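Across the two complexes that follow, chain A remains constant while its partner is chain B and subsequently chain C.
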Partner chain A sequence: MTVKIFFPTCCSPSENGLLIGRWLEEHRSAVVLAIVHFPFIPGNVKRYLAGLERETGLRLAVLGTWSNIKAQKDEQMESFLGDLKSIFIHRPWLRITREASIIFWDCRIEGVDEEAEEEVVLVYYDQRKVMLSELHDATEHSEIATVFDTVARNRTLFALDRYDEGPIKLTHWQSDGVEASIIVELCKQASVPLCALLSFILSLIFSVTRALGRKPLSFLWNKLSTCEQLGKRLDSLQLICGTKAAKDHTLFMRKASTLVSLLLDVILGIVLMSWLYRGDHIGQLANALMPVADRVAVELQGLLQWLMGAPAGLKMNKALDEVLGRFFMYHIHLWISYIRLMSPFIEVILWYIGLSACLGLSVALSVLSDIIALLTFHIYCFYVYGARLYCLKIHGLASLWRLFRGKKWNVLRQRVDSCSYDLDQLFLGTLLFTILLFLLPTTALYYLVFTLLRLLVVLVQGVIQMTINLLNSLPLYALVLRLCRSYRLAAGVKFRMLQQEHGKCLRLLMQINPLTYGKVLQQYRLPSSNLYPKDSWGALCKKLFIGELIYPWRQERDKQD
Partner chain B sequence: MEDRTFSDIEGGKIIVQERLFSKTCKEFNIICPKMSVRSVVTATFTAWVAAYAMYAYTENNMVLSATTVSTIIGLLFYLHFVKIDQESLLLIGSLGIQMTLTYTSGKESTEFIEMHKIKDVVINEAIFMQKAIYYLCILLEDPSEPKRISSIVPLFQSAKPNLNCLVQVYNSCQEILSERKSFNLVD
Partner chain C sequence: MNIRSVWRKVLYERQPFPDNYVDDRFLEELRKNIYVRRYEYWSVVFESAVVIQQLCSVCVFCVIWWYMDQGLLSPQKLCEVGLGFSLIGYLLFDLVDHGVGRKDSGRTRWDDLKSSLVFVAFTYGFSPVLKTLTESISTDTIYAMSVLMLLGHLVFFDYGANAAVVSSTLSINMAIFASVCLASRLPRSLHAFAMVTFAIQIFALWPSLQRKLRAHTPRIYICVTFLFGIFAMGGLLSISSVGALLFFVLLLSVTFLCPYCLIRLQLFKDNIHGPWDEAEIKEDLSRFLD
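What follows is the complex of A and B.
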C-alpha cells in the first residue's frame, strides 16, 4: 500500500533532525510541516507540540527523522536517529535520507506490517503558497483540501522566526522580513477608530434618509436612479466601515472588492469632475443642451405634421388623425415653453449637479440617466397616451370579437362562455366593432411611432445602467489578486513528475492551479440589482403588441404596496 | 517509455507515448498532428484575396491594414486558445488522475481529479456528426449518493483517437484503479 509524504521544499536544505507534521490515517499520507534540529530535549518537543495542538485543534506528531548527509555517511548518527523511534512512538515511522551528490532521496517506512510492501510517493509542496491560498469547491473527503487546511491552520508555527530563542529550533517557511510592516501595523491600528467614526456618521445619515424616505417624498425618490445609486453607495460604505474583522474568506473578498471598486469609482468621478470644471466644459455643455432639446421638440413637431398628412402613403381616418395630431402638437408647444423658461437656470443647475461626480462615476452616470429621463419626458407622455388609446381599442375589439361569435368573458369563472345575445345587442356590437376596426390603423400608427421613440430613450438609459452595473459589480480586488498572486485563489492542484529512478520513491511536485478568470468573475461578482424589472424578449413583444406600458416609471414594488 | 503510432477517427496519424514511472503511476501523451503549412497558407491567402477585392472596390487603405492586424490576431488566438498540440493523462494510483492540454503556444491547462471522486473509467459510444465514435471518459461519483454518477469528464477530446488506442489506455487505467479497489475491499 502506498504512503504519501507531503514535504515542504523550503525544508530540503536543512540539517539533520526530526520531522514534525500530521498523519492522515484516512488517506495514509503524512504532511510534514517543520523539522526540529539538534540539540533538543524530547520532553520539550512533546510539550511544544501539545501546546500547538491546543491552539489549532489538529493532532501534530513527530513523524520520523530527517538526515541530510553532507560529506560521508556517519554510522553513529544513523543509529542515533534510528533510536529516536523508541522515544517518539509513531506508526508508521518515516526515515528520509538525503545525500548531497544524489537528487533521489531515500525514504523508508518502519513500524508497519512486514508483509505489506510499502510504496512511497514523495510530494513536494511550496509551504508559503499552500498556506496563503484558498481552495475553491473542495469536497468533504478531499485529501488535497485536508492538506491545505492543515498547513493553513498551523500559521502560528510559521510565525516563529529563525532567530527566535524558542524552546526548540525549527526549520519551516519564514517570511524574509517585511520592511513596511510597521506602517501596515500602524494603518491597521488607525483603521479601527476611523471605521468606528465613519460608521457613526453613516448611522446619522441613515436616520436622516429614513426620515426623508417617508410617504410623500418616497414617491419622488423611487423614480430617480440617482437616489437608488446613493442608497447603494451608503450600503457599501456601511459594509466597508464595519468595525468587526471579516469572518471568512468570502466576506473578506467582498469587503476588499467593494473597497477597491469604490475607490476606482471615486477616482474616475474625480477625473471626470476635473475635466468638467477645467476649461468651462459645464458652460459649453449647458449651451449645447438647450439647442438639442429645442431641436428634438422641433423634429417631433415635424414628425407630427408628417403623421397628420398621409404618412408613407397610408390613408388615415382624417378626423381622428387631426384630433390626435392637434392634441400632441399642443403638448409639444407646452414643452417648448417650459424649456425656454428653464434655459437661463440650466447652467447653474448643471454646475451644482456636476459636483455629484466627486461621489463617483456611477453616481454621475445615474444623474445623467435622470437628466435624460427628465428632458425626454414629453416622449414618455406621448408614449403613454398612445399606448393607453391603443390598449383601449385592442381590448374593445377583443370583447366585441367575442360578441361577434356569440361568446362572452365570464369574470367569475375566468373563462369564455357561450351566450345568446339579443338582435339589437348584436347589431350595436357589430357596428361598434366595425368603427373600432377602421379607426385602429390610425391609433396604431401613432402608437408605433411613439413606442419607437420611447424604445430609443430606454436603450440609451439601459446602456448607462449597464455601465453603472459593471462599475458596481466588477470584483476588481479578486481580479488583481488572480493576476498578481495567482496562487491565492486556487481551483485545485496540479502535479509535475520530477526525474525518477527505478527502485527509489516516486517524486512529484505539487503546484497550485489558479482559478480561471471566468470563475473568478462568477464567484466574486458583487451583488447589484437592476433598476428595471427584467422581461424576456417574448414577454416584451407581447406587452408591446397588446399596448401595455413597458418600463413604466411606476415600479413593480409600488403595485405590491 | 515507448512511442506508438495510432490513427484518430478521421484516419490521421497520432503518436501515443506511454511512460511508466512505477507500478501505480503511468503517463500517456497523445501528440496530435502539427498544424500544416498548407492550411495556414490557404487561410491567409483567402483572407488577402478578399481584402484586395474589398480594396479594389472601396479604394480605402484601412481595409488592408485591418486585414493584416486581424490575421495576426486571429492566428495568435488560434495558437493560444484553439490548437492543441498534446494531450496527456497522468495516472497516479494513490492520488488521482490529471489531464493536461498543451496548446501550440505553450499554454498548459491542467485539471486534477482526486481518486476519491472517481467512480470508474469507461469507454463510451457517441454519435458524432454522421458516425458513431468511441471515447474514453471518467465517471465522477456523486458525493451525496455514492451509487450515482454526478458527471462525466471526456478525455482526449481534441485528438479523438480510435478504439485500438483507447483500449490500451483503458486497460492501464483499469489496472491502476483495480489496485485501489482491492485495497478498499481489504479495509
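What follows is the complex of A and C.
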C-alpha cells in the first residue's frame, strides 16, 4: 500500500520538530500543516490541537517527527525523536529526515503492519496557494478536495506567527509574519457602518418605489426599459450593501463581481457624461436628432409612395392600395407635426436626460433605447395596423376556406367537421372569400414592409439591450482574479515529478491548474433579465406568418416597447 | 397420423396440414358478378339528362358572360329576364308538388324573401368592389381560374351518384367563385351585379327546380332539357360554329353513346366474390349508437 504525504514547501528549511496535520484514513494520506518546534510541553501541544479541533471540526494530530540535519547526525537527537512516538500515540507514525547535502529525504513509516511493505510518495504543495484557492468541479470526497478543504479550514492555525507569545512555536507559510494590508483592514472596518447607512437609504427608496409601482402607474413603468434598469440597479445595490458577510464563496464572488461591474458601469457613465457636457455635445446631438427623425419620416413617405405605385412590379389592388397608403401618409403627417412641435424643447430634454449617465452607462443606454422606441413610434403603429389587418384577413380566409369546402370548425371537439350550410350563407361566404383572397397580396405586402421596418428597430433595441446585459452580467471580479491570481480559482491540480533515485521515495510537486476563462464566465455570470424571446425560430416565423404581434410579447412577464 | 383426417378451415386447432393448405372445396363458394345491375337503355338516357342540364347551364352562363363582355346584352335586360324566369320558376316550384315539399322543409315565404333580399343587397353592395377586384390581375389568369372552377363545379356536382367525391357545397361555391372572377372583368359594376345574380339563378336555383321537375313530371323535364339544350346550342352557335359543333357532339355522346357503352361494357364485367373478400357488416348497427 502507498502512503502519500502532502508536505508544505515552506516547512522544508525549518528546524527539528513535530509534524502537525491530518491523517486521511480512507485515502491513506497525511496532510502536514505545520511543524512544532522545541521546546514544547506535550500537554500544551495536545491541548492546543484539541482547541483547534473544536474550532474547525477537523481532527488534527501529531503525525510524526521532522528532523533537519544540518551538519552531522546527532544520535542523541535521533533517539529522542524516536521516543516521542510513545508520547504522541499515532498510527502510522511518520519520520521524515532531511540531510543538508542530499536532496532526497528519508521517510519512514512506523506503527503499521510489519509484513506490508509501505511505499511513500512525498507531495510538496504551496500552502499559501492551496489555502486561498477555491477548487471547482471536484467530487465531494475526493482526495484533492479533502486536502484543499483541510488546508483552507485551518486558517486559524496559520494566523499564529513567530512573534506571537503562544504556548508553542510553529512553522507554516505565515510563520514569518501574517500577511495583511492596512488599507484593506481600514476598508473592512469602514464598510460596516457605510453599508448599514446605505441599506437604510435603500429601504427608504424601496418604500417610495413600491408606492409608485401601484396599479395605474406600473403599466407605464414596465413599458420603459429605463425603469427596469433602475430597479435592477437598486437590487444590486441592496445585494452589495447587505450588512452580513457573504456566507460562502459563490455569494462572495457574486457580491464582488456586482460591485466591480457597478463601479465600472458608473465610471463609464461618468466618462460618457463628461464627454457629453464638455464642448456642447448635447446641443450637437439635439441638432442632429431632429433632422434624423425628419429624415426617417420623409423616407417612410417615399416608401409609401413606392408602395402606392406598383412596388417591385407587383400588381396590387389599386383601390385598397390607395386607401391604405393615404391612411399611413396621414399618420406620418401627424408624426411630422408632432416632431416639429417638440423640436424647440428637445435640447433641454436631452440635457436633463444626459444627467442620468451618472447612474451608469447601462442606465444611459436604456434611456437611449427608450428614446429610440419613442422616436420610432410611428413605425410601431404601422406595424400594429398592418399586423392586425393581415391577421384579420388570414383568419377570415382560413374560416371561409373551410366554408368553401363545406366544413366548419367544431369548437367543442377541437376539429374540423362537415356541415351543411344554407344557400345564402354559402353565397355570402364565397363572395367574401373571393374578395379577401384577391385583396390579400396588397395587405400582405404592407404587412411585410412594416414588419421588416419593425424588425430593424427591434434589432437595434436588442443590440442595445444585449450591451446592457453584457455590462450587467460580466463577472469582472472573477475575470480579474483569474488574470492576476490564477491559483485562486482552481480547476484541479497537476503533479510534476521531481528528480528520482532508486530506493528513495517518489517526490512530486503539486501545482494548481487555473480555471479556463470560459468556465469562469459560465460559473460566475451574474443573473440578468432574460429579454430574449422564449419562442424558437420556427414559432417566431409562424407568428410572423399568421400576423401575431411579435415583440411586445403578450405573455405575462413581458415588457417593453 | 391419420391420413384421412378431415381438414377444417380454422386456425385455432392444430391440424396435420400447413397453414396455407386448402382442400378441393375451396372454389365451391366462388360467386361471380353478384352486384351486377341490368340497365335499360332508355332509362339510362333519361338519367343522363341531369348531366346534359349541367353542361348546358355552364355553357349558357359562359355565353351570357360573352354577350355582356362584348356589350351585346345590357345588364338591365339580363336582370329583367332573369327576374321573370325566377318568378316563373318560383311559382312552378310550388305548383309541381302542390306545396308538399315546402310543407316538409318548413320554409316560409318570408324566409325566401329574406334570402333573396340578402342575395340582392350584398351583390349590389359588393359589385363596385367586385369590379375593381381583379383589375391588376392578368385576364388569362382569370380565364384559367374560371375554367378550372367551372370544371370543378361539373366534377363535384351532385348528379345523384353515391360517391365520396360528390359535394354539392363545394360545387356551388366553385361556380360562385368562377362567376365572381368573370364578373370582375366586366366593364361596369352593374354588369357585375347582373352577372353574379344570374350565376346564382342558374347554378343554385335552377338545379333545385330541375330536381323537382324530374321527380314529379318526367315528361315536362325531358322537354325542358331538350329546349334548354337547343337554347344553349343556339347561343353558342351565335359565337362560334366550331364550338357549337363540338358541344353538340359532346351532348350527343353523353346522351346516347355513353349509355350504350355502359350497357355494352356490362357484358365484360367479371367480378369474383368468395370467402377471401373483406368482411362486410350488413347488419344495422345504429341501435348501438344511441
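Note that in this section the second predicted complex is superposed on the first by the 543 of 561 C-alpha atoms of A that agree within 3 Å, B and C clash if a C-alpha of one lies under 4 Å from a C-alpha of the other, contacts with A are read in each partner's own complex, and residues count from 1 in each chain.
One rule holds for everything that comes next: contacts are C-beta pairs under 8 Å (C-beta built on N, C-alpha and C of every residue); 3 or more make two chains touch, one makes a residue touch a chain.
From a predicted model like this one, the values you see are computed outputs, not experimental measurements.
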| item | value |
| --- | --- |
| First (chain B), second (chain C), both or neither touched by A:Lys318 | second |
| First (chain B), second (chain C), both or neither touched by A:Phe404 | second |
| Partner chain in contact with A:Ser420 - chain B first, chain C second, else both or neither | second |
| Touched partner set for A:Leu428, first chain B, second chain C, both or neither | second |
| Partner chain in contact with A:Phe495 - chain B first, chain C second, else both or neither | first |
| Partner chain(s) touched by A:Ser142 [first = chain B, second = chain C, both, neither] | first |
| Touched partner set for A:Asn513, first chain B, second chain C, both or neither | first |
| Touch list for chain A against partner chain C, complex | 315-319, 403-406, 420-424, 426-431, 433-435, 438-439 |
| Chain B contact footprint on chain A (complex, rising order) | 1-2, 4, 28, 119, 121, 123, 139-144, 492-495, 497, 500, 506, 508, 513 |
| Of all residues in chain B, those that touch chain A in their complex | 21-25, 27, 90, 92-95, 98, 100, 110-112, 114, 116-117, 143, 183 |
| Of chain C, residues touching chain A in the complex | 115, 118-119, 122-123, 126, 129-130, 132-137, 167, 169-170, 172-173, 176-177, 180-181, 184, 196, 200, 204 |
